[in-house]
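The structures considered in this document are given below.
The two complexes that follow have chain A in common; it is paired with chain B in the first and with chain C in the second.
Showing the complex of A and B:
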């Protein structure tokens, strides 16, 4: 019987896990162990609801409400000197509880501190754009839209950024296979040659490890192999073009097909 | 200004082209030699002046983050080479450091010193490459030839170490795979002794060059606010008046034991960026001299370990694998199944030659990262062109792209 593979997460899975294995945790510290973070958190708690906060790897992680994100980042930037948004993106938890986790990685240069603002949104919900606060979010939010399909409200140009505008599917979702889906396999054939060429050309094979070890001649037609010796010219006239000029070249013997010999036997 | 109707016969009879403005849309790239890779810019022009710029990226997208989710940690290391392929060891290092923090291992001192040497050689290679290509774009062919000559010498040293010139994969999670070769230090010293004279040669060619100054001074001014808002890092940020270098502020490896300065300027124009690259090359040479001394010290103290000792995550040395049963078994498990870091998250930023290179890893205790986000500095240095180009003229586009120092391997990832 074939092993069951869950359809909501088609990423690579370890093929063996000790059934008694319990994964260790990266230790978390209380926010109070760091003065600067504790002060920041206290200031943040006065204005916004903080769901959870802890320190991991010397960085504070703060969970907030999704609606507060614009206000929180504005407060962090203007009051708490977190003047740079290093990075933002999402984590796909759709298979677990149908949510996305969004994170905003912030940097304060005066305090030399980094913290991460996080919140969860349901599948299909949009986030509030922070592009007005940090211009870099313009591109980050577009990338998030491109990769996860999460839209940002009030974004000036909510279009795909890395993939073509007419692409379908969001590659960083766990439901999206590594080698691409049906649409990806036909994208270039459809676009360049048209749908009617599908039968002639065949789908794009994105599995780079796929090699037909028996085919040493027709590697360009991988996936459409025929037995060795099959006539593949399609009644095409043999080409008897001479590639050397009539007079010949100094010191080079003229090549003719008649005088040459093709060695058929690979063993010789 | 009143415009006459477009006299061209419209293809569709029911559409008339009644244009109020005189705007021309120029498509720059993606196959343009000065676009430094696959950058496409849509420029809206009023005569020669740009009124709107729309950078279009993604022509080199390979889905590295997706690939990372489907690979064991060690498998992903050669893929990181293909991000910033001008200085690939710095990507290797950023990833290795993030995973090392996650699994909490301490890298042996000699490995740290070798890593720092590799990182700084990569920084020199990247800066020389930047100088060469930017000067070439602006028309200074001589500087291109000189800078590439020096870069070639560095690539030979690196080739002697790891066998590759561009995609090094010279750093492993937990250390480095090899000790440096016998000729490494002497070759590096020969190079470094000559470097100040080389840098002076470039400066003699450029610093007072009328054309160079016209193309560089007061062109592409990035204000401090703009640089912070756009997430600029590295020389882009330091040229705009923020003295922020991660090597200095959040020291990793042994950078806290090293004396070096962080050059910065508050002009923010192309020329400031050029000056910062030149000064950084001098600082890098300083750092390299010190790391060479540190290496000699490790030799004197007999610190020969190159890989961290963490049997759960990192294979034992070759000798142990070949002689001890348990080491062999552990090695077999680590190669076929991969290490399983603890459950948790880490974001580690390092100072790559281009800026802040960050790796965000969310591990769920499995052999594959659950989510890996690559924070590549060039991504935002490309984005800033949207706001930076309007108001400039067409020739400025080339010099501004040049001084932003973007590499499309890491923009598109």
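Showing the complex of A and C:
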């Protein structure tokens, strides 16, 4: 029997994918293979519950509980010298088990180590803000809110950062179509002219292969223009357009191609 | 005989030119198209190059202005995002009539390669456009040609009449 695949990923792929393809996993190493990471993990395990920990690509990945995040990052910053929050965001696993995976990429300049703190939250739950620990988390958490709709508790300014404040939808969700939903499609029309103008302006044309039979009448090849309605065969006579009208322009010297100087040398 | 006397019958005729109001007004308009500085993306670099010394827009009388109230033509150079759409409309409304719009490059014409939720699929969904320049990005020569075509268009229309609305909204 054919394996069931969730159909709610609407970012449909038009290219061929192998049904039996299994994405290769980056090999995982034990934490004990690295002394510095092993010491960090031991210190972390004394104070917080660690669900899983391993090393991938020379970086340690630690899974913790969602409500420990502020304490863990504070401990990492103050005790274990992971003083930089390089990046934080979320991963959409809604189709799999209705959860988000949140990650915090940390960097220790003294140890020259990178460490990733991860945890899962359910759809609709909020995370604790770490903005008080790392100023850079301010914008990262706003971006996470903008793109995934995950709110951060105790954030000083929990508003969208990239999209306009009146936007609806969270574009980095896998259920969000790349070309936008109905709200996105009519956003500028609704906002500027009102919903009544939808009929006048019409829907967006997003078909890149669209051929309009009137294009040959409306748009002509430069230098081969023909009058409107003429059937274009491709063997038109050149119709060199002058920049100025036939009779010349009042008070302006007539530009003629014969009198102009053409510079062939591009390195002039 | 006075030293600076002009011999009207011989030295190039009378220092008088006869023309119509339309022609003199359009002559002035078409040779002083002040453009609004409106670089939205990489096309803006080509627009700046057109204004700089190598291509030199000043000789067409096209001078970039930083205020829509002093501008005649809006050169939409770059990707118009949905967040920015209301501002392009507001800036267009602030320009005094007669006003023209050049849509420069694929993104401003049709949305271009940005077939995404955040890009307006052609700036003509928001403001009326007079001239579309193809290219990604168009070379400065294309913009020069576009400005010359716009001059031709201005001269072809009557000067006195108020501009007809280009789209009824």
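Quick note on the criterion: the second predicted complex is superposed on the first by the 185 of 268 C-alpha atoms of A that agree within 3 Å, B and C clash if a C-alpha of one lies under 4 Å from a C-alpha of the other, contacts with A are read in each partner's own complex, and residues count from 1 in each chain.
Note that a contact is a pair of C-beta atoms (placed from the backbone, for glycine too) under 8 Å apart; a residue touches a chain by one contact, two chains touch by 3 or more.
Everything numeric in this text was worked out from a predicted model, so none of it was measured.
Participant: Using the superposition on chain A described above, determine whether A:204 touches chain B (first), chain C (second), both, or neither.
Facilitator: So A:204 only meets chain C here.
Participant: For A:156, using the defined touch cut-off, is the partner it touches chain B, chain C, both, or neither? Pick first, second, both or neither.
Facilitator: neither
Participant: Between chain B (first) and chain C (second), which, if any, makes contact with A:89: first, second, both or neither?
Facilitator: first
Participant: So in the superposed three-chain picture, is A:193 touching just chain B, just chain C, both, or none of them (first/second/both/neither)?
Facilitator: A:193 sits against chain C, while chain B stays out of touch.
Participant: Kindly classify A:172 by the partners it touches after superposition: chain B alone (first), chain C alone (second), both, or neither?
Facilitator: first
Participant: Comparing chain C with chain B, which touches more residues belonging to chain A?
Facilitator: The partner making contact with more of chain A's residues is B.
Participant: Under the stated touch criterion, which partner chain does A:245 make contact with: chain B (first), chain C (second), both, or neither?
Facilitator: second
Participant: Answer with first, second, both or neither: which of chain B and chain C does A:184 touch in the superposed model?
Facilitator: Touch partner of A:184: chain C, not chain B.
Participant: With both complexes superposed on chain A, which partner does A:229 reach: first (chain B), second (chain C), both or neither?
Facilitator: neither
Participant: Across the two complexes, what residues of chain A are contacted by chain B and by chain C?
Facilitator: 163-164, 171, 176, 178
Participant: Could you pull out which chain C residues touch chain A in their complex?
Facilitator: Result: residues 17, 19, 23-24, 27, 30-31, 82-83, 85-86, 89, 110-111, 115-118, 120-122, 125-126, 145, 148-149, 152, 155, 167-169 of chain C touch chain A.
Participant: In their shared complex, at which residues does chain A touch chain C?
Facilitator: Interface residues on chain A, with respect to chain C: 163-164, 169, 171, 176-181, 184, 187-189, 191-193, 197, 200-201, 204-206, 208, 243-245, 249-252.
Participant: Residues of chain A touching chain B in their complex?
Facilitator: Listed in rising order, the residues of chain A that touch chain B are 11-16, 21, 23-26, 56-57, 59, 61, 83-87, 89, 91-92, 103, 105, 109, 112, 114, 116, 133-136, 138-139, 147, 160-164, 171-172, 176, 178.
Participant: Would you tell me which residues of chain B are touching chain A in their complex?
Facilitator: 57-58, 61, 63, 65-67, 69-71, 101-102, 226, 228-231, 242, 244, 249-250, 337-338, 340, 342-349, 356, 358, 360, 362-368, 370-371, 373, 375, 379-380, 383-384, 386-387, 412-413
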